[in-house]
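Just so it is clear, A, B and C label the chains in written order, and each chain counts residues from 1 on its own.
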Amino acid sequence: METPLYDEIPPELFEKALDTEKQSDVISRPSMSYWQNAWARFKKDPLAMIGLVVIIIITLFAIFGPIVSPYTYDGQNIAIQNQPPSREHWFGTDKFGRDIFVRVLYGARISLSIGVMAAAINLVIGVIYGGIAGYFGGRVDMVMMRIVDVLYGLPSLLYIILIMMFLGNTVKSILIALSLTYWIGTARIVRSQVLSLKHEEYTLAARALGVSNLGIIFRHLVPNSMGPIIVTVTFLIPQAIFSEAFLSFLGIGIQVPMASWGTLANDAIPAIFTQPYQMIFPVLAISITMFALNFIGDGLRDALDPRLKK
Amino acid sequence: MQIDSKNLLEIKHLKKYFEIRKGFFGKNVRILKAVDDVSFSIKKGETFGLVGESGCGKTTAGRTILKLYEPTSGQIFYDGNDISKFSEKEMFPYKKKMQVIFQDPYASLDPRMTVGEILGEAIDVHHLYEGKARSDRIAELVELVGLKSDHINRYAHEFSGGQRQRIGIARALAVEPEFIVCDEPISALDVSIQAQIVNMLEEFQEKFGLTYLFISHDLSMVRHISHKVGVMYLGSLVEYAGVDEIFLNMLHPYTKALLSAAPIPDPDESKKSERIHLQGDVPSPLNPPSGCAFRNRCIYASKICSEEKPVLKDAGAGHMVACHLY
Amino acid sequence: MILLDVVNLKTTFQIDAGNVQAVRGVSFHVDEGESIGIVGESGSGKSVTMLSVTRLLPENAKVEADSINFNGTELLKQDDNFMRKIQGSEIGMIFQDPMTSLNPLFTIGDQIMEPIRIHQKLSGEDAKKRVIELLKLVEIPDPESRLKQYPHEFSGGMRQRVMIAIALSCNPKLLIADEPTTALDVTVQAQILDLMDELKKKLNMSIILITHNLGVVAKICNRIIVMYGGLLVEEGTSREIFYEPKHPYTWGLLRSIPKVTAQKSKLIPIPGSPPDLLSPPAGCPFAPRCEYAMKVCMKYPPKKIGLSDTHSVACWLMHPKSPGYKMEGLYANR
């Protein structure tokens, strides 16, 4: 607004301003919680959004695909065995004449659910273990962490294989095996977060109020650590998927007739030169899913960065 | 506001030492004597100002009194009861009576909680109100500190420093305390906002009969708000007396130096005042000088100062000073 | 003799949420050999003003002005190379936090020598002699051995002295100190301020001291500029600002601080909070908090009026049509 000439300002303007005309202490911007802020930032990351869309598409296909498809994952039909991709069979057929597309979708169900469940169980164990170690510190922390250090030294794949041999080759045993290995990384991250947040003034304020130890851990420390925890867990899913795929590929994972992406790849080994598409599609599925999840993880790490302070 | 003749808080020979562990198995231990034999008392309704520079131990003293740190030795009498050795469980009812306001308005509020949740937590811990009475109480607290009711669902990061500090005050008041440790409550605020907060603290002292331990390095603000003032240096309380007495009749050489160094917002006065020049810097609390901690910067230092640590003595009319000159 | 003349400086930052108008039209000058204080709170724009003059702002900052004239040269017309030459040689800067301003990996000696090597092209023994000279100037004891030490071996006050030594290494005409003592203890602060005062006299250097602490400016500044919400609200000699303030903000500020020597008086705070610079108010930035605010104050930003050679104020209360006002004297018997 152009200020009028000094002498030409109308005299009425020199009356006192009413309190309603002045506005102080008003917050004009809409209220955004930490998560809303984070989501806004996440949306701006193109790779992360692509990853998210891809995962949503894969999940939808996995849930609804097999229902809609005319083929079943175990319907054998030797007459059409080993056919390359065509209009009827988008990914071709395998040596038993089963439609590979449906099998890949079905495999998605298995692989994704194993990945997510393993990550979830790891999260719970890791948060509780790491939270307690970090909060109580001292000897408790030292003992708990030395245990973790020893376990960390074991090669995880070996560990998983040993457990699998002990428990057998079912989905349940794979889940148990995966859950028992990756919680260590989560526990460490949670512990270091909790250690650093323990000395924040709002934690001291809660102690001064008389909030119980458990209350402080779960109401203040864990929510404020969620950023790095979520990122860790998001990266755990592709790791779990890959581990399961690798085990199944080696033949010690899920057994027939259940089909995960790993077993599909395993089935395709003998035909790798003659019908390469049988191997390519499951492998592509694993790779794309892992990329997508990793992009999401990266996006989340940036979006949830606690350095959103003033 | 009438000041009771009874002591609400009595601190006797309080010590808080920290162990700094270094070396592979933590074998190399050095002791940091953050608070080294501090004694004073605060009457009900009074404000005791605790001043000193960085490393003097005033913040540690405040936190130890609240039992946020366990005292290494010494006694803390609250209303006649020695709480120094109380467990967390025994301290619980005292947490309702003794509260705290922190320095950093950006760190003292949980960034994931709304104002309502922050105040609600305080109310819930001590089961003070439920249902509608609870939400009424939250609204009452918010208005008490000058914020609006539509601020209750907002998050801490949406407020300015001064507003956040008010939320911190509301939280402390939510449990209806008797005693509040104010740990540098205005240092991180803009000058024009500091007066708002200080006035509010004074108003609440009148209204609710509160007792304060006001920790600050800002001498002029301490002078304004306190009834009694204590000066700390490297873990020891070197002087304490009534506020007028100590500012007009300083005894300890460090107090004199501290006061003369304080910048005066008055150009003529500023040029008039004689500054006592202190040599060098504050020694490390890990390695304090023998005897009196202040001796290697003190112009009056003599042989006895390096041999014997001075104790607090009454230099007349309750004016306590720890110095071999007296 | 005018050393620095800034006319109508405007600085805006582009961020996601919009444009932050940090400085909205500020004009002032600094003479040779004088020290001026720029006083303001958060959001006043005091730091950004000087960073704009020395071109030390990040990429997303846009600086505009009618003129920024330093020692006869129009800085706006110069390129970045020129600015780099005067930064550190003719204009020295020291910042608030001595902990982070010094590089922990290099010795103090190396860091002081850096500007000497770059700007004065001295080397080896000559440079070292100059460093020792500087350390003596800032009263660091035992300079010969201290110049081989690293920043973490110095205390806060000592580090700030080192910062001053670096800033002075090339005999600048102007020293800009941005909150140089805020992070320091009171007794150390007094030492540093005394040092700066002496150096000003010894080296005939001008000082711009940016701070929010009125006590600090009272001690060593000849003239004071008060900023609020990106604008200059009052300017005058030290005595004029403290004893005859004319702007309600200046006056409000003085009323809200306790005085160590005076008797206990009531603190009268300024209500409200500093303005939001993303969408600053239309008129005077202080109007929402001003007890004398008139309707014109809410609509148009006030013009700067000169009350004397040295004293000027930007306030509608000075307009002949305003009803006038009375601010009680803060210090009686002056």
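Keep this in mind: contacts are C-beta pairs under 8 Å (C-beta built on N, C-alpha and C of every residue); 3 or more make two chains touch, one makes a residue touch a chain.
Here is each chain with its UniProt name: A = Oligopeptide transport system permease protein; B, C = Oligopeptide transport system ATP-binding protein.
Treat the numbers as computed from the prediction; the structure is a model and nothing was measured.
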Subject >> Chain pair showing more contacts of the two, A-B and B-C >> reply: B-C
Subject >> Farthest-lying chain, centroid of Cα atoms versus that of subunit B >> reply: A
Original post:
With chain centres defined as C-alpha means, what is the inter-centre distance between subunit A and subunit C in Å?
Top reply: 49
Original post:
Just how far, in Å, is the C-alpha centre of subunit B from the one of subunit A?
Top reply: 46
Original post:
When the centre of a chain is set as the mean of its C-alpha atoms, what distance in Å lies between subunit B and subunit C?
Top reply: 31
**OP:** Specify, in ascending order, the residues of subunit C that touch 2 or more different other chains.
**Re:** 271, 273
Original post:
What parts of subunit A, by residue number, touch at least two of the other chains?
Top reply: 25
Subject >> Where subunit B touches two or more other chains at once, by residue number >> reply: 163
Subject >> Sites on subunit B touched by subunit A in the complex >> reply: 63, 66, 68, 91-92, 95-96, 98-100, 102-104, 106-112, 121-122, 125-126, 147-148, 151, 153-155, 157-159, 163, 168, 171, 175
Original post:
For subunit C, which residues count as touching subunit A in their complex?
Top reply: 271-273, 276, 279, 282, 287-290, 292-301, 303, 316, 319, 321-323
Original post:
In their complex, what parts of subunit A are in touch with subunit B?
Top reply: 25, 27, 29, 31-34, 200-202, 204-211, 215, 219-220, 223-224, 306, 308-310
Original post:
Of all residues in subunit B, which touch subunit C in the complex?
Top reply: 53-54, 160-163, 190-196, 198-199, 217, 219-221, 223-224, 247, 257-270, 275, 277-278, 281-282
Original post:
What part of subunit C is in contact with subunit B in the complex they form?
Top reply: 41-42, 155-158, 185-191, 193-194, 212-216, 218-219, 238-239, 242, 252-254, 256-261, 264, 267-271, 273-274, 331
